[in-house]
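The two complexes that follow have chain A in common; it is paired with chain B in the first and with chain C in the second.
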Partner chain A sequence: MNKAEKSRKMSYKQRGLKQALPFLLPASILLFVFLIIPFFFAFYLSFTNTRLISPIPPRFVGFSNYVRMLGDDLFGKALLNNFYFVAIVVPLQTIFALFLAILVNQKIKGSTTFRTIYFLPTVTTMVVVAVIWTFLYHPEGTINAILSFITFGNWEPIDFLSTERIAFPTIMFLSIWQGVGFQMLIFLAGLQEIPESLYEAATIDGANKWKQFIYITLPQLKNTSIFVIISTTILAFKLFDQVYIMTSGGPNYSTYTVMLHIYNQGFRMQNVGYASSLTVIFFLIILGVSLIQRILLREEREVF
Partner chain B sequence: MKKVVSILFVLLIFLGISVFSQVEITMWFHSGRGEEREVIEDQVKRFNAMQNEVKVVAVQLPEGSYNDQVNAAALAGDLPDILDLDGPFVSNYAWAGYLRPLDEFMPSELKEDFLPSIIAQGTYNGKIYALGTFDSGLALWGNKALLEKANVRIPKNVEDAWTFTEFMDVLRRLKELPEVTYSLDLKANDRGEWYTYGLSPFFQGFGADLIDRETYMSAEGVLNGPEAVAAASWLQALFEQGFVNSNPPGYNVEFLNGEIPLEWAGHWEYPQGKGALGDDLVLIPAPKFFKHVSGMGSWAWAITTNSKNPEASWKFLEFLLKPEEIVKMSNANGAVPSRYSAIELSELYKEGGPLNIYVQQLNTIALPRPVTPGYPAITLAFQDMIGNLIRGVDVQEILDRAVRVIDQDIESNQGYPIY
Partner chain C sequence: MRQRSRKRMIIINRIISYILMIILAIFFLFPLLYMISVSLNPSEIDIVNQMSSIKGFIPTTISIENFKDVFDRMPFQRFLFNSVLIVGTTIIAGLIVNSMMAYGLARFSFKGRKMLVSIIVALIIIPFEAIAIPLLLITNKMGWLDSYQVQIIPFIANPLYIFLLYQFFINFPKDLEEAALIDGAGWFKIYWKIVLPLSRPVLASVAILHFLMQWGSFLWPLMVTRGYTYRPLTVAMQTFFGQAPIYWGDIMAFATMMTIPVIILFIFLQNQFVKSVATTGIK
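Up next is the complex of A and B:
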């Protein structure tokens, strides 16, 4: 690269930045006001004993909120549950979403209808979904009735949400069903980016559908998959609505999650200081997980 | 023409003065059930029309997030002049200094006209901070046909209530009826505040409590002592032995269609129960355990310290608390009128009325949920505990945990010192 070329490229880059700034501004302001400032505020609050409603002026308590966390067995339990949830839901949801995306990407009649159907749960509010599924999961609800019907009455009705062993997997199932449409849509976009010519060439070379999937579709979808996995992981860590509505974290804390713990501590017990310290630690944990994922699944970027 | 203009001008000035002398106060209330809301809207309208000194501007906030919104407004120093609060949360707001004591406005004869439960619920640190236009009652609704079939005695008043052994005998006999699935409905699926409101009286009936009410400093030995263990084990056994459904399909479906003969609930069940069971619907006082206790408490009005016009605000509260107005509300939502003079005017609650047992209970055995700023933590711990109890977790373990949560909260708030 000679000097002239270099300077041309620089000015090109600078010009790009100039044009990008006005477009970045609205989003940056929003991010700053609603994410970054509150986070620093939470960081500050985590070193105080601030309460939501209290005549006692808040004072600095150093690291005592963090020390308290070490002895908080519910936080530990919640954290384990969160990892359990992520470990099960992220792979299943990703594989299932890819499967659905390939399915609705076929050029057959009605595939748009199926895309809409699979996407519907995602656009329905989780709160509504959770309330409806609570009825479905009831011992006298639809799911038990269906299981009883297909087993010719040999099915013992299960109280899905009240049985310690089953409650969390039950919620996982619902969560996968609700969220999969979103990932499907991203995979679909990724699939449509793959040039048709690759498949044509493969067909000429005599590769069957399975080989095409392994050697063309999957590698071409690498960046999409990484995005899906990381965003699903973050979403999965935020698990709250379903457990709040369906079980309140029970039975015996088998569905208790960190977000629920933060909500209980901060809003219901009004312990804002302690809740803030939980938030900070939880943020660091999610950040760490995302970073590790990024290192393990190195994205292939096209160099500009 | 000039004359007309000057007359108009004078008129304008007068109007202006009367507008300026009118005090505007804002009021927030939780938008509960439709009938309740309509009565309040109507009361505001009539109050504004009947005089021109005070103008009330009423704002409804959705019940689900009402507490959160009030908390946020309190932090921002943006509370309205008047607001309504759920009874057990009054002390928390009073402690924080957001509420204005109402004592200065209350002549003693007015104070004596209120049900003792209303006064107990609204009093923190010796001062009254909130007054309800109604209270709630908690007792048993029964299906007379089934009770008679099982050959059990139906108590007529509070003194006459079932004893513990009688109550257990009733549950057993009802269970034996072929058409009965469970003997008693405890609304186990109605999580949240119901657990504390509805089920803590059983603990108190056994001699336990949510916290030591002498000092409000600890729950140790009170919520995990032998009495509490006995109460929790008994309650757990009711679920395990099939006397009570741990996961009812709906709110009161089974009671209304005659599968469950007894329902532990409040006054609010009356209209539906009457519609479904007709004359078979009977109200049975809370059973007499080792101590005779029943629950109480409902939403109450308070004036905030933020209010620049406390006198004007009280004027409106005085209007809401008039016996005729109380009865209007009680007829609409079925709740127990908060004043004796209003009870006399109420067809439902006056002596001999179908719901009079609730008044008797509120007069004698009703116990408010702990009146302490630490209540939010207490109720959360207790609700959690009940959730685990219903699902069969070890009793001593869950009680100890609840005590730990409560005591930790009190400790981290320096014992909620009085400010």
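Up next is the complex of A and C:
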């Protein structure tokens, strides 16, 4: 055995835990302290009456935080609002994103420039987006003027963000404006993975564009679509920045969300115990959504 | 004959596509252009009076007065410094720590390696929002409230980025590393001198995703910062917006200064950007 071979053999043996540890430790420690501990701590706190700053030591209170949640009308309202947001935004944004992706995926001059433009709102921080749209939604502002123009002056200017039934759809609109570019790119990546030969074969068979879309594009995009739908749903449950800045959950809690409720309970009112129980439920919802994704994706793979 | 009608179809199709793309471009660009236009309009009266007409979009006089106002009313440079410091440190530390973990998982064999990878994948599901409140309590106990480290250290390690890098390293040829090992190079030297330089594209992707997340971060700094000292741009923007009376010119100047550098950066890094977004979809 020559020297080189010997050290090669050594190198395989050397790759043990002892050598790996220096590489693994920094991230492991950080993840443990700032992700895993807080995660399990939330479960523990949810059974106590811990407050953020309090001279009295926290007590174990069993399930009373969860019982309290059942009678918490605001939490119910917030949860319903989140589902309302998901029900409107997820289908609209997904279809819009797919439409944009197909549009800029055409091999025509300038399509890359348009792709860039459609993506700009996503690069813009939500805080800024919320401020710009508050300006546009002003009672005497641009949106009212446009609506008045296209209805030949039959539009009564409204204060979008202070009108109970309208405030939330208004926020949904700008959320789609901001978020659709991201999903467009994911669809675009999916579109580019579809083999060209499928379309060529379909064209020879005489299938028109619409048929190609229904029988080739949509089925081929199944995994991408599931990913887009699930990630949009999770983002919709996290809804916070825009409602906090534009309406603080008002008017009359019509834009109130679970994250706003967690923030108000845990931070404003310092009820860390109760907020933690809300957090646990919030996580279980996200987990449920993710599990559905797994199940749907697995079914897909078994078929093929 | 048939050939000609087909050609005409293609041309019509193209014209419709362009019309649609232009209308949509206006839809996405208009709010951003309006932000810049208002920021350059020195007359607050004009801004408010002309909001509903086309005149509002094109200011009669252009000046940078609003930008000066922002600096007079608030220490903008401080917030910018805070944001750049927080985001910059997090990304650089994140690249090192996350890639080391990914490399450790991809290149070494030890008991429990597979389980560790599974744990990382499982951790991806936990959204930050679900740990914000307990993390607030923990960092408060540590005495970290209102500081830089509370906005940096918890966000360095990230299971999603570890996983993306891990997948890259797994598919990365080992030959060069083997050669270096035979030459007697240590593991850390191999990682630092060979692996990292060859991983630039994936590192750039991860850095971009990390940047987007940290730069727009709002909920956490809202909870953990008090005064101006450690506050990032997002929370400062919201405070500025909440101060009565509302001067739209100043607000839009603030928004413009916060947005334009990022948009320019994005246009430069575009291709990498598109790739990094696409990779998150592969999960």
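Note that the second predicted complex is superposed on the first by the 252 of 304 C-alpha atoms of A that agree within 3 Å, B and C clash if a C-alpha of one lies under 4 Å from a C-alpha of the other, contacts with A are read in each partner's own complex, and residues count from 1 in each chain.
One rule holds for everything that comes next: a residue touches a chain if its C-beta (ideal position, glycine included) is under 8 Å from a C-beta of that chain, and two chains touch if they have at least 3 such contacts.
The structure presented is a predicted model; accordingly, all values stated were derived computationally and were not measured.
Q: Touch check for A:116: first (chain B), second (chain C), both, or neither?
A: second
Q: Does chain B (first) or chain C (second) touch A:171, or do both, or does neither?
A: In the superposition, A:171 touches no partner, neither chain B nor chain C.
Q: Compare chain B and chain C by how many residues of chain A each one touches, and report the one with more.
A: Counting contacted residues of chain A, the larger count belongs to C.
Q: Would you sort A:28 into first (chain B), second (chain C), both or neither based on which partner it touches?
A: second
Q: Looking at A:52, would you say it contacts chain B, chain C, both, or neither? Reply first, second, both or neither.
A: both
Q: Tell me the contact category for A:101 with respect to chain B and chain C: first, second, both or neither.
A: neither
Q: So in the superposed three-chain picture, is A:128 touching just chain B, just chain C, both, or none of them (first/second/both/neither)?
A: It touches chain C, and chain B stays clear.
Q: Is A:260 touching anything from chain B or chain C once the two structures are fitted on A? First, second, both or neither.
A: neither
Q: Per the contact definition in the header, classify A:182: touching chain B only (first), chain C only (second), both, or neither.
A: So A:182 only meets chain C here.
Q: Give one of first, second, both or neither to describe whether A:159 is in contact with chain B, with chain C, with both, or with none.
A: First partner only, chain B.
Q: Per the definitions at the top, what is the overlap between the chain A residues touching chain B and those touching chain C?
A: Comparing the two interfaces on chain A, one with chain B and one with chain C, the shared residues are 52-53, 138, 140, 267.
Q: Report the residues of chain A in contact with chain C in the complex, numbered from low to high.
A: Result: residues 4, 7-8, 11, 15-17, 19-24, 26-28, 30-31, 34-39, 41-42, 45, 50, 52-53, 100, 103-104, 106, 108, 110-111, 114-121, 123-129, 131-136, 138, 140-142, 144-145, 148, 177, 181-182, 185-186, 188-190, 224, 227-228, 234, 238, 240-241, 244-245, 259, 262-263, 266-267, 272, 275-276, 279, 282-283, 286-287, 290 of chain A touch chain C.
Q: Per the contact definition, I'd like the list of chain A residues that touch chain B in the complex.
A: 49, 51-56, 138-140, 159, 162, 164, 248-253, 264, 267-271, 274
Q: Under the stated contact criterion, what part of chain C meets chain A in this complex?
A: Of all residues in chain C, those touching chain A are 14, 17-18, 20-21, 24-25, 27-29, 31-32, 34-35, 38, 48, 51-53, 56, 96-98, 100-101, 103-105, 107-111, 113, 116, 123, 125-127, 129-138, 140, 153-157, 159, 162, 178, 181-182, 184, 187-188, 191, 212, 215-216, 218-219, 222-223, 233-234, 237-238, 241, 248, 251-252, 255, 258-259, 262-263, 266-267, 270, 273-274, 277-278, 280-281, 283.
Q: Which of the residues in chain B come into contact with chain A in the complex?
A: 68, 71, 74-75, 92-93, 95-98, 191, 246-247, 249, 373, 376-377, 380, 383-384, 387-388, 390-393, 409, 412-414, 417, 419
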